[in-house]
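Would you mind keeping the following structure in view while I ask a few things?
In this document, chain identifiers A, B, C and D correspond to the written order of the chains, with residue numbering beginning at 1 in each.
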Amino acid sequence: MNIYSYIALIPLLPFAAFVLLGLFGRKYFNTVSGILGTFTLGISTLLSLATAYQYFFVDGKVDGVFTQIIPLKYTWLQFSPNLSIDMGIILDPLSVMMLVVVTFVSLMVHIFSLGYMKGEERFATYYSFLSLFTFSMLGLVLSSNIFQIYMFWELVGVSSFLLIGFYFEKPSAVAAAKKAFIVTRFADLGFLIGILILSFHAQTLDFQTLIARLTDPQSSQMLSITTASFMGISMLTWGLVLVFAGGAGKSAMFPLHIWLPDAMEGPTPVSALIHAATMVVAGVYLVGRLFPVFVFDGAALIIVTYVGAFSALLAAVIACTQTDIKRVLAYSTMSQIGYMMFAMGVSGKGGEEGLGYMASLFHLFTHAFFKSLLFLGAGAVIHMVHSNDMKDMGGLRKLMPITHITFLIACLAIAGIPPFAGFFSKEEILLAAFHSNKLVFFVALFTSGLTAFYMFRLYFSIFWSKETQQHSEHHDEGPLSMKIPLIILGACALLAGFAPIASLVTSDGKEIETHIDVLFSLTPVLLAITGILLALSLYKKESDKATKVANTFGGFYRTAYKKFYIDELYLFVTQKIIFNLVGKPSAWIDKNIIDGMMNKLAEGTGVVSTQIKGLQSGKVQSYALYFFFGIMGLSALFIYLLK
Amino acid sequence: MILNDIFILMKQELMLLGIIMILLIIKVGKDWSNESLLNLINALLLINVMSGFMMPAEGFLFGDMFKTNSLITLEKNILNIGTLIISLQSYSWLKNHKHLIEFYILMLSTLLGMFYMVSSGNLLMFYLGLELSTIPLAAMANFDLEKRKSSEAALKFIISSAFSSGLLLFGISLLYGTAGTLSFTEITSHLTNTPLQIFSFVLILAGFSFKISVVPFHFWTADVYEGSPVAVTSYLSVISKGAVLFVFVSVLYTVFKPLAEVWYNMLFLLSVLTIVIGNLFALRQDNIKRFLAFSSIAQVGFILVGISGSSQMGTASVIYFVLIYIFSNLGAFGVVSLVSAIAGKENISDYRAFYKTNPFLSWVLTIALFSLAGVPPTAGFFGKFFLLIAGAEQGNYILIAIAALNMVISFYYYLRIVKSIFMDPNEHPIEKLTIPMMPKIALFICLAGIVVIGLWSSIYEYIYSLSTGF
Amino acid sequence: MNLNLLILIPFLTAMAVLFCKGLKQVRAVALLGSGLQLILALGLLYRFYDERAAGNLSQMLFEFNYHWFAPLNINYHLGVDGISVAMILLTSFVVISGVLVSWSMDTLNKEFFFLLIFLSMGAYGFFMSLDLFTMFFFLEVAVIPKFLLIGIWGSGKKEYSAMKLALMLMGGSALVFVGLIGLYFNTNIEGAHTFDLLQISKMKIPVEAQMLFFPFAFIGFGIFTALFPFHTWVPDGHSSAPTAASMFLAGISMKLGGYGCLRVATYLMPEAAHAYAGIIILLATIAIIYGAFATLMQTDLKYINAYSSISHCGFVLLGIGMLTQISITGAVMQMVSHGLMTALFFAAIGMIYSRTHTRMVAQLGGLLKVMPFISAVFVIVGLCSLGLPGLSGFVAEMTIFVGSWQNPDVLYRVATILACASIVVTAVYILRATGKTVLGPITDTHFNKLGDALWNEKLAAVILIVGIMAIGILPFWLNDLITPGSQQIILQTGQNIMLK
Amino acid sequence: MNEIPLTHILFVSTALFFIGMYGFFTRRNMITILMSIELILNSVNINFVAFNKYLFPQNLDGIFFTIFIISIAAAEAAVAIAIIINMYRSLHSVDVNETSELKF
């Protein structure tokens, strides 16, 4: 037994909670199920914090380098001597950091939900689903085997399906859940094929071995994967790009992002958990996990970079136009993950080269806090206003002081205003981009300005804008359970920037030096401030200025408001092309041609049978005649022809 | 001592003759009630069956005109059993019939004819047996005297069979002309594959084919089956057919061995034709007797497939199949004859919802039909399987494939009846029938036969061991 | 362990059912019998592991050989390897839940249970046979009860469906028959022929004969397992059948075909299997994709499951066609998994239908509110069908994919990718069906009055779910069970691609 | 000796055979049909006798056969006529074409 064996408890505790609450919760202890779920997760959180401490500061480092530790590994399914799915736990800076983020954010959401979901008939079900999700997410980040990660990947998808569709009586929620699942499923197809390709050539499914084999230019496996090619592109590129496709699906990268905004139909804390801090960053995590291999393939990394950068920009533009506050946040998430992606893409391995990798994960870390804070804040607002639409809000700052302050902190953090958390991580990303790809750098710069603008548009619309408020009769800000997470997360958003990620989570396990170059950071901060001021002027007071501005952009605004018609395009492809041109013909062919063939065969036999009934005419003389012909025929045949 | 030999070797024939004599005496004497007569006759037939199994003997009589051995004894026993079952089944019909004794005398005469035919070692003997087994049958076919259909069936039967026996005789005369002898054992050595011999063989084959309803010599079958009383139909379809098949197999394998190449190909052709035509006609029949007629034609096609195999396996599988076929077909006919005698209905559409009123009879009919179709675990499955194995022995897989696919068609029409019985709704189903004792016994015998003969492999092994004779 | 028990127990149960009076006795006897079957099957599993652990490495265990028809060398030869044990387990699970689901069968209950149990006897016999004749015998034993089950107790155009199913399956077995006969006459043991599977496997069947008879055997068995384009009996048959019969049909009898394809066609005619692999894969891929797309358009729950079965059984054939050890293991797993899953699916549909009296997706909605248990079952089985990890479908499908990928032929890989793609389509149709029926608002106010599952239905569902999860969560026992068997088959083909 | 050659006799018997055949196929009267059959049987008889006399005079197989054929033909005719009479009772005709109630 390894001293880290207890880590297995971290995912298993939520799993136990899931089983317990799912089977018996609703019937026997509906009301306390929230406490139960939160409590088990609290233990998990403590354990993961202990793990982080143990790993980062006690014994993770060997000779100044963080090494991978595999404390547990059980063979789950042995395909062949080489290939097996193992259930294992991997500990390295990446997974430990994710462990902390996931358990922490999840705990906050659990606590927040105690108040938010109070009185819900299916309270226990809700918590069991939350536990299931947490379990899957923890399993995902701890996976030591590429197939294991795929399994938890799917589980995450399903539990997010269940959570998004929690209000199952609302058709829109069901539709959104379906959409989220199917789109990510489609992306997972790429992931699966990628796994098949990589594992076939590397002859292993184990991450450690796989990475070792595919990063050693001398190994036969590396030789086989780089020489084998399909359509002129090497199998390595194919494999990595396909794996990335899976990641892009979960992380809502263009063009697979369409599910994310719709997924806001779920309960808001769920969005905070799934769509801010955990599931959506799984793609980044996946790229990070396979980063050593990605480094060996420039083409794949370039794709990662451009997809990330484009998504960041696109989402930011769309976010400026949306009026549903959760959708704004959703697009902002997509944009921020775009940041993380291209940061990965521009990174190299080791030392200064690896700045992008570190920056990406740093941003992941900080983003988790401020984005979940934003969602929870939005949740608190929605809880109060009972609407998602900005138009129904305004002037809430007096009514919800804590929400207001924490929301502001989060907005500042995401806008990249020092000393809030977002500033540091974004700074590193921009720096990394500046060093390797100027185009991406400028896109990122522009996007960060836009980010500040739309976030403050949101902020002002909710908390300022209108001064008088009608819908405030007896509501207060919500119970304590909703306020505490906001405060804790607010503190994190304020302070997370100072976390020593640079010395802990790097591409090669070694520390890298980071420094804030004031001159360099001036530009993004100024841009952000400009964005904030713009938002201030447009949205601080209720006026028609914003509408006028929108009108000046005209068609572009409408297009952005309609999310560039990507949804419609998908709808066209699926409904019109797949359903009408593939599905319907298949069903038709089956019914009429293939089945028809069988029926025709039977009918044909019947027809022949009717046709020849005249032979049996009932006349004994004709019978004798046939008899005679039979004899003559046989004789002729066998005497003359077959002799 | 020839007399001694006669008593030993011809004991089955003598037994029959004795029963016929007793019946004649009763006819001349005073009136018996029908019921007691039937009881007596069935008891006699039972004794006949049991005595058949005692003291098997082997040998020749009258030169080599008459021969017997354990296989032939077995074949006669099979026919005896079949006759007993038919007799039991026709109880309901005969109970009210005026000419009960005549019916039995005629039937037993034909049986006697078949015995002679099965035992024949000479074409003359064969011919006599054949005619003895045919002419009384025509009279039997007319036994529903007041029914026009019955007369028509009898007329068609007698005219067709006279015609066919004319051609058969013509063939025999030509064969006699080329071989100079009528004895089976001697003919073989004179067969040299000349065109005239082939021609005469075709004529003789047609004579056989007529009796066992091989396409295109089968046309009389359906009409006669439909018109005749059910007892006669079942007798025609199993006993008379079975007897001729026994002879046919042994004649082909022994007498016409030198012509094997010719008859092998002929059988190939005829079996395919028979199966296909039989199936196609059976598909759309509504009268159940007519339907069974065509289905039995298709069955004969399968038997021909089996015959086209090698001698031992072919013989064994044909005899085995005939045995199974007797039980299966009589199971079906037993139900049909009950329904016909009591309810007077003979159409498949009348059988709709039969299960609601008569579950036992429905199950018997269903199992019998499954056995005919060749569904395990009934014996019919084993019978057909072995026939086709025998047929495949020569490597003629095309034949096997055709036969196997035709089994699917045959499934359709058998299942169609099952469907009527179990699934179709009917406003006026056949009322609940009270089954008299004897038909019930017959049905149970059939059921037992259908189940046991297949699963109990010793029966097949016994037949197989006897079949080495050729 | 005497394997004859597994035939004897169902037989005695079936006979006992015939002598029972009234529904209560009948179902009690049937439940007892099927419970005994389950115990026997589990015991067999235990004893099997025991023997293997004790170092008994012979290919087949618990052999029983009786010379049945000596002149033809036909033996009643039973024996099991891991693959058979897996299939037997599957059968026993489906049988007991089928009996439970038909607990309140009101018309002709005696006959119904008789036929059900009789059918299960055929299935057990088939999976245990080591003699081609015995195998064929049991194969056909398992066909005809289905005709009656569908025709008598079915719904909709039941007669048509029953007839179609019976004829197509009989057509399949006719083809199988030709294949078997062909094999038989190409064997040679001191001048005699044999049907014995193990003996044939040790012999060299001439390649020309293999090439001739492989298609017969494979297509014949393939019809049972919905090989394209001979799958058309599946939708009609399944949708017309009563619940338990659907479960048996999809859960057991479709597996007869897959098992036959593997055990008879591929194992005994390895060279031909290699030669025809491309065609098999082509047909399997078409079945997978086309079945999935055809499912998209269905509006009747039973049709949805029937068409999805075509797609899922395509995976079995794909796995067999790929001819790698992993893919064959996967094919067997898929058989087990699909058997459990589809039986559960039909059970759930039956439960819904018996309450709402409709199976049309459009007329259903919001059932989760009124019948949470049944709806949860429905969701679970849907998730299993679309390959959720933790449930059996995932394990089986992934094993097939990984195994298929081991075959380095580019076209085969394209087939694999297409097969992978079908799981997306699966997700679409499963979620459409689930989203409409179980979730969403209640469409019909009558539904509010409906009750949830009864104890027997719950038990049936739980038994199957336990099976599904036992494979989904702990797949290694099944994998260890099957792998030696599939290894044997691959060794037979002699061209193990993994070893190249 | 001016013996008639075998072929002449065979010619006569063959002619008889086909005349009988023709009659069988074309006559409508049942009695005539029976007579046609008698013609066929007689041609067979001639065959047997001729073969016996010319080719195999050492045995009397053919002659015996002929005697049996004659007697059986009589029996056959008797039964057939009885049936025809019975038929006539219901049909009031001896036209064979009217006996086609059973068909298809």
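Just a few scattered comments:
Simple rule for what comes next: contacts are C-beta pairs under 8 Å (C-beta built on N, C-alpha and C of every residue); 3 or more make two chains touch, one makes a residue touch a chain.
Just so you know, these numbers come straight off a predicted model, no measurement behind them.
When the C-beta pairs in contact are tallied for B-C and for A-C, the bigger tally goes to A-C. Taking each chain's centre as the average of its CA atoms, chain B and chain C sit 42 Å apart. If each chain is reduced to the centroid of its CA atoms, chain A and chain C end up 36 Å from each other. Each chain gets one centre point, the mean of its Cα atoms, and the points for chain A and chain D are 97 Å apart.
Taking each chain's centre as the mean of its C-alpha atoms, chain A lies 77 Å from chain B.
Residues of chain D found to touch two or more other chains are 24, 33, 96, 99, 101-103. Counting partner chains per residue, chain A has residues 602, 613, 616, 618, 620, 624, 628 touching two or more of them. Touching of two or more other chains is recorded for residues 167 of chain C. Counting only pairs that meet the touch rule, the chains in contact are A-B, A-C, A-D, B-C, B-D. Those residues of chain C lying in contact with chain A across their complex are 164, 167-168, 229, 231-232, 235-236, 290, 293-294, 296-298, 307, 325-326, 329, 366, 368-369, 383, 386-390, 394-395, 398-399, 401-403, 405-406, 410, 416-417, 420-421, 423-424, 427-428, 431-432, 435, 438-442, 475-476, 479-480, 483, 498.
Those residues of chain B lying in contact with chain C across their complex are 313, 316, 370, 375-377, 381-382, 385-386, 388-389, 392-393, 395, 397, 400-401, 404-405, 407-408, 411-412, 415-416, 418-419, 422-424, 457, 460-461, 464-465. Residue ranges on chain B touching chain A, taken from their complex, read 155-156, 159-160, 163-164, 167, 195, 198-199, 202-203, 205-206, 209-210, 216-217, 219-220, 222-223, 262, 265-266, 269, 277, 280-281, 283-284, 409, 412. If you check the complex, the residues on chain A that touch chain D are 613-614, 616-621, 624-625, 628. Those residues of chain D that touch chain B in the shared complex are 17, 20, 24, 30, 33-34, 37, 40-41, 43-44, 47-48, 51-52, 55-56, 59, 61-62, 64-65, 68-69, 72, 75-76, 79-80, 82-84, 86-87, 90-91, 96, 99, 101-103.
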